[in-house]
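Read from first to last, the chains carry the letters A, B, C, D and E; within each, the first residue is number 1.
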Amino acid sequence: MRVEIRIGGFGGQGIIRTGLILATASCVYGDKNAIQTASYGPESRGGRCRSEVIISDEDIDFPKVEHPDILVAMSKEAYLQYVDDLKENGILIVDPDLVPNKRENLKVRMYEVPATKIAEGLGKKIVANVVMIGAFAAITNLFGLEHLKESIRHNVPKAFIKLNLTAFEKGYEYGKSLLKS
Amino acid sequence: MTVLQEFEKHPLAKYLRLERFPHIWCEGCGDGIILNCFVKALDDLGINMDKLVVVSGIGCIGRIAGYIKCDSFHTTHGRPIALATGIKLANPKLTIAVISGDGDLFAIGGNHFIHAARRNVDMTVICSNNFNYGMTGGQFGPTTPLDSYTTTTPYGNIEHPFNLVHLAAAAGAVYVARWTALHVKRLTESIKKALQKKGFKFIEVISPCPEIYGRRNKLGKAIDTMKRYRQICEIRHGYDPAKAEITIEKIIVGEFIDIEKPTYGELLQKQFLTIQKR
Amino acid sequence: MESSVRIGVYICHCGGNISDTVNVEKVREAISKLEGVKTVETVDYLCSTQGQGKIKSGIKEYGINRVVVASCSPQLHLATFRRAVSEAGLNPYLLEMANIREHCSWVHDNIEEATAKAIDIIRGAVNRVKYLEELHPIKTKVKREVLVIGSGITGIQSALEMADKGYQVHLVERDPCIGGHMAQLSETFPTLDCSYCILAPRMVSVSQHPKIKIYTMAEPVALKGVPGDYVVTLSVKPRFVDVDKCTGCDDCTDVCPVEVPDEFNMGLTWRKAIYIPFPQGVPRAYALDLDNCLGLEPIACGKCMEVCEPKAINYDMQPEEIELNVGAIIVATGYDQISPNDFGEYSYGMHPDIVTNLQFERIMHFGFHKPSDGKIPRKVAFILCVGSRALQERAKEYCCKIGCMVAIKQAILLKKAVPNVEPWIFYQDVRADGKGYEEFYARAREQGTRFVRGLAAKVLPANDGLIVKAEDTIAGTPVEERFDMVVLSMGITPRPDTEEVSKILGLHTGPDNFFIEKHYKLNPVDSTKEGIFVCGCALGPKDIRESVEEGMAAASRAATFIGLGELATSPEVPIIDRAKCDLCGECIAICPTAAITITKSTITVTPVACITCGACVPACPREAIDQRNVTEKQLIAQIQGASAGETKEPKIIAFIERKTAYASLDLAGTRRLGYVANIRPITVPSCMRIGIKHLINAFAYGADGVVFVEGDDSPFAGEKLLKHVGSLKKELREYEVSPLRLQSMTTTIPQYDKTVKLFETVSARVARLGKITPEERGKIKEKLET
Amino acid sequence: MTMHREVLTGKHLMQGDIACAEGAIAAGCKFFAGYPITPATEITERMARRMIEVDGMFVQMEDELASMAAIIGASWAGAKAMTATSGPGFSLMQENIGLAVMTETPCVVVNIMRGAPSTGLPTEGAQQDVMQCKWGSHGDYEIIALAPASVQEMFDLTIECFNFAETYRAPTFLLADGFTGHLWERVVIPSREEIKTVERKKPIVPADKYVPFKPDEDLVPPMACFGEGYRVHVTGLTHDELGYPKTTDPKIQHELVNRLCEKIRKNSDKIIRTYKFMLEDADVAVIAYGIPSRSSLNAVKRAREAGIKAGLLRLITVWPFPEKQVEELSNHVKAIVVPEMNCGQVVREVERVAKETPVHFSSKIGGEPHSPSEIFEVIRRAAKA
Amino acid sequence: MSKGRSMAPVVKRKKLAEVEWKVIEDFCKGCGFCIEFCPVDALEESEKLNAKGVHPPKLKSEDACIGCGLCERICPDFAVHLETKESGGERE
């Protein structure tokens, strides 16, 4: 089974890091194959930014995402640009505060995760991406929780591991709550 | 007695690849004197010839590497310093001498020169400055004096020449000296000093090119040029290299710069020890 | 003229010296009538206390504020009268002297003529004083450092004296070590002290004195600046040995392949091309003799550097130029012996045992061995006066002063060392005029030295020694004796570069080519230039004691000169009207001492450099320059005044340069050398001060001729003055005055007769042209006024 | 931080460039000289960090000319040496690549290819330097170039490059596209013992018997390095076996240049690596290298699903060109498809060797690799024709 | 200081080392540096022509050379050198 994930936002949100956390969780700590690719504009901060992850039980031949199964949109631009690529009945996760005025009549399963606000609640807006990973994990059920936590530990600075794990938990709880409702 | 047998009795014979002599340089060319003084310096210092590498570039003096009986590299145009950087960094125990010409080191290789000096890579660079590209038949180069005639300045040179010692000093060389082919013993001493010193050392040797440059600029035979050196050279150690431009009336020679500065290798070693401790 | 001017004129009888020839009363009458003159008094001796009292009381009683003293030469008494007026509260520059003795009464017999001349001279002075201004000497700081050139015993003594007084001393020596000739001597007469033993402690003191800096292998090459603020350029030859690093170990001389005759041992031994002149030399460091070294361009041998452990040898040393700023200079450059080669009759060079007395000093040092075979001589001839006291081209006229005593000393020492030796001294007459010298001479005789009066005619090498032929002038018999050795007492000569040094420093040499002193008796160590002093054998032959004395004297004089830290210079400097000046540079071109400079578009005068010659004033095309105390107003008024009176013969105004020419004219007076009475001398700083305006004034107001008398030592003597006179003559034509009415000459003090003769010639020449008619004068005046 | 080892045994998510650097270190590289250039910069950065940790030498030179010269020098000083660059820098290196060939200097040059010509498309991958790699320097010569298609291969083939360089004393190239260089993927690094490394052949005779450029039977002369007492003279001029310039003897030039080519050609069987997928019964063979080979694999699978007998020959070794393999293949397929991220470079070699067999070329430039469907389309067309 | 004259105005130059002056005639390209710069003027062009068609230098007389070694250093062609005499002591 090959799952294609696209995460879109702007520079500084930790979009690429999010992709790397997901890929590491599945191919280093889990037993799947994974590929991560990224693209970004020439700006260091604030520019368009995209990270793509392919997860597969088999060898991955073509390494690019064409039609993602899951789209995480953390900016209005990303939403508008990528939403049409999403597979029918694909999963769409958005940060509602950053993506207002969403289109109607899309044949997708949409989840709204106010990751930035939750992160602000934790005192650090910068961990919004990890909140999103938590929600993502709850919604998709693609990863082992422990694999993700290991991957977070591996991919974030030592001093912030605790904060990031809290953010992950918060996101996970929020994701779970969405599923329940 | 064959010529080779005679040559074997030369006190410097053991430093030379005897079978390759006589060398290719013209009558009175200063390159032969540079080779002579360089080898004499090795003899005086008792340098371990197994740990010496001579790197040269392209041009008449480029052939020098092939005459010295040590590991030697005759490289591409302008690249001897870059190549020597690789040798030195890969094996810091080797003593490196780059001997090349003004065109090779300062035109095509100018960038490598200034950066190696800046980086302070431990090597001795000796430049035979004969004011033109001799081997290709006498074209102008970065040191050709204004108004000089060469095959590519048939109406006189309109480019301002480099003052090599100033360039070297500004780029950060720890030892900068200039001599002429006449100053054989001083040059030998200077080479000895440079070889014993750590860092990027530069010695410019003003050298007669009677057949190519001299002929076109009516400078007479090599011996006339050598006599002229005797007249116009002024030894001034510690002189401001910025003011040591070569003119028709005067050539300031001597040691311009002699300072201590950590080499690239030393700084790297220091960094290595810090990293090791972490 | 300012109405407030109140002139007092004081006329001296000089106890008849003046009044016998000049009708003083008539003079008084004439002068009394002049405008502004408040009082005219005649006094018997004006220079006496009473005479001076008259002037002082006049100032006080009549409110006199300008004083004319008509008496003798100001060279004698200007200072006296200036002091007098200033004691009375008057600025000394408000005084003028009219010389009616040397320039008048002493040189004329005719009372009428002399009286008329005296009136003219005093009238000129009266006219001049109307315009005098209060002036004050200009004070300049002087550098309290001194340069001593030469480091023989004289220079050493001078340096030590100066340094001990607290002045910074720069001691310059051309050789690699200090010490000079004295270091070469064995023992000194008449005390027989070991020469080196008494010299060495002073050499050490010099080298260790914190106030003395020694420059060896150096010599002055240029002098700039002004007395008290000289800038001397020293050229320092490379020694090629770092004095501080050299340990004197001798390794370098061991390997040096070149051997040359040793100068210190007078060529009796050999030294290397790298050497120290004598083993205890100061500084104790070797020097490389580039003339004999195998070469440094390129380095040919290089052995000495290779073996030098302290790395003291440096072939790359370059000649250096050092500039020293000093207040005073002491010249102690010493002497040379004349060359024995010019005296073929003594066969010098033909036999090794014929030596000079200086060589014999070295031989004594080494132990009295003959150069030929190293054996001890049994019979030695000393021949005195070789090249001295002889009117030959190869010889010197003067006495070497030390030859007698040196020979006597050498004979005594020889006798002491070799008891059975026979010393013979061939002499003209023995000069033993110093303290203890005669006794010393007697001692030699007592000990058995043979004195033969009569100079040796010939020395001939023979098979078994040397034959000396002479005539014993006392016995009147010829002498022909065989000797083992012959010692020639060589004459003394100035250093060959004395002339060059004198040019560099701006000094003078005498007919004997030694430096000359400012005054033979009274200023024996002052040179002819302010702030420069000369001493020791640079002035002439001397023995050690005298040299030391002079060294001390020169130090004392130099200390006096710079000791106060400031110098008062004459206020008679040019004043530039900057509103008129267009910076054309003519004044700079004519100024002989570069005292005028243009910096940042303003023109400046440096008072201490100014010799107050006044040449710049007429040179200025825009009349922007005037000179203090010789202002245009003062000068013209004086010319008009002196020109006014009637004379029988055509009247000649003589502009007399105030130093040499004036002194020459004074001397003519002192010698009572009579000359034509129609000459009216006017003192000027130099004849270059006189321009066309002044000439025309003279001709317009009564003169029929003008003569310039310039000192031969003036910077303008020669070309410059001739050029100036030439252009003045051209200009005279424009005023329709014959150029023949202007003459010029240069003279020296002793040539006073020549000066006087010129007056006769000029007078005769002008007489041939005739007097200028009143009509002609009217025209000249008209032109002058337009 | 614990001290890194030369071999980071274990499972990692790594970027292609980093895997390349780790491969080099694992292969024993002790000298890296380079100049930053996208998309190869990460190699230089990784080396700057890592060389010091493994007692190696990193130097960022003033340009790529110097970098290439430096690794030649370092190699002669006895170090396994590498540089990494992209197209523009690669052009600058050509001069000294020639010198490396002429002086038989073992060294590895990594080219993470980007869009060109000139400064071109810095951040996007391409395969436009394949011919430059072979022919870029002046004159006739043979080199070895390997083309990785995955991050694992970035690691593995870099080691292989070092091994070839040291074996054949020739500059050896890792020709990767920018896409692979920037790809993050799992790399499994084996233990140090499992990694095969090769050391250069040293002379076994004493210095006075040593003839520096006299080849053994494999046409490769043993190499004495500087400082080892053999006192070798090295020149870029045509030289005799002693290493001395011989520029007036045509025979010497002929022999030397031929040997330099032959030592690679004769050993090409040992050098050439390919990957074959479903070629046994194929009618249409896709020949690809680098990232397009992964699209091709997907396309071949789709073709098979669609009933087309397609197969894939992936060139791991691009130079020397696997002529024998391609020729054999051309003898039993009906058509060949060559996708490249350029305007046609390796396809010329394929056409040259395939002779009668029709070759369909699929060009893709602009940064994006071919999508599987694009290649599938070409396969479909090829199968029909 | 004036020089005494009884000694002839000569300069004595001693041999620096027991060495023999040697020329490899066929190496000489005829630049003339050795002749020009010899500090004791010991060298001159020889009559014969060498393989390169130039006149190599020769000693003016047996004992003219003092062994300073400048010619050995300034010869661009390694044609001139000093050889330690078999019987003599060490060179330098």
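Keep in mind that, in the parts below, contacts are C-beta pairs under 8 Å (C-beta built on N, C-alpha and C of every residue); 3 or more make two chains touch, one makes a residue touch a chain.
What you see is a predicted model; the values in this text were computed from it and never measured.
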Given subunit B and subunit C, the chains that contact each of them: E
Any chain touching subunit A and subunit D at once appears in the list none
Between subunit D and subunit E, the fewest touch steps amount to 2
Taking each chain's centre as the mean of its C-alpha atoms, give the chain farthest from subunit D. C
Based on mean C-alpha positions, which chain is nearest the centroid of every protein C-alpha shown? B
Please find the two chains that have the most C-beta pairs touching each other. B-D
For subunit B paired with subunit E, centre-to-centre distance based on mean C-alpha positions, whole Å: 28
Can you check how far apart subunit A and subunit E are, centre to centre, with Cα atoms defining each centre and the answer in Å? 89
Would you mind pulling out the distance in Å between where the CA atoms of subunit C average out and where those of subunit E do? 54
Expressed in whole Å, how far the mean CA point of subunit B lies from that of subunit D is 37
At which residue positions does subunit B touch at least two other chains? 182, 184-185
Show the residues in subunit E shared as contacts by 2 or more other chains, in ascending order. 37, 70, 74
Interchain pairs in contact, sorted by label: A-D, B-C, B-D, B-E, C-E
Would you pull the subunit D residues touching subunit B in the complex into a rising list? 1, 3, 30-31, 33, 52-53, 55, 57, 59, 61-63, 65-67, 69-79, 81, 95-96, 98-99, 103, 226-237, 244-245
Enumerate the contact residues on subunit C facing subunit B in the complex. 297-299, 302, 315-316, 318
Quick check: in the complex, which residue numbers of subunit E touch subunit B? 22, 24, 26-27, 29-33, 36-37, 54, 70, 72-78, 81-83, 91
Hey, which residues of subunit D end up touching subunit A in the complex? 11-13, 123, 179, 182-186, 291, 294-295, 297-298, 301, 368-369, 371-372
Would you mind writing out the residues of subunit A in touch with subunit D in their complex? 19-20, 23-24, 27-28, 33-38, 42, 60-64, 66
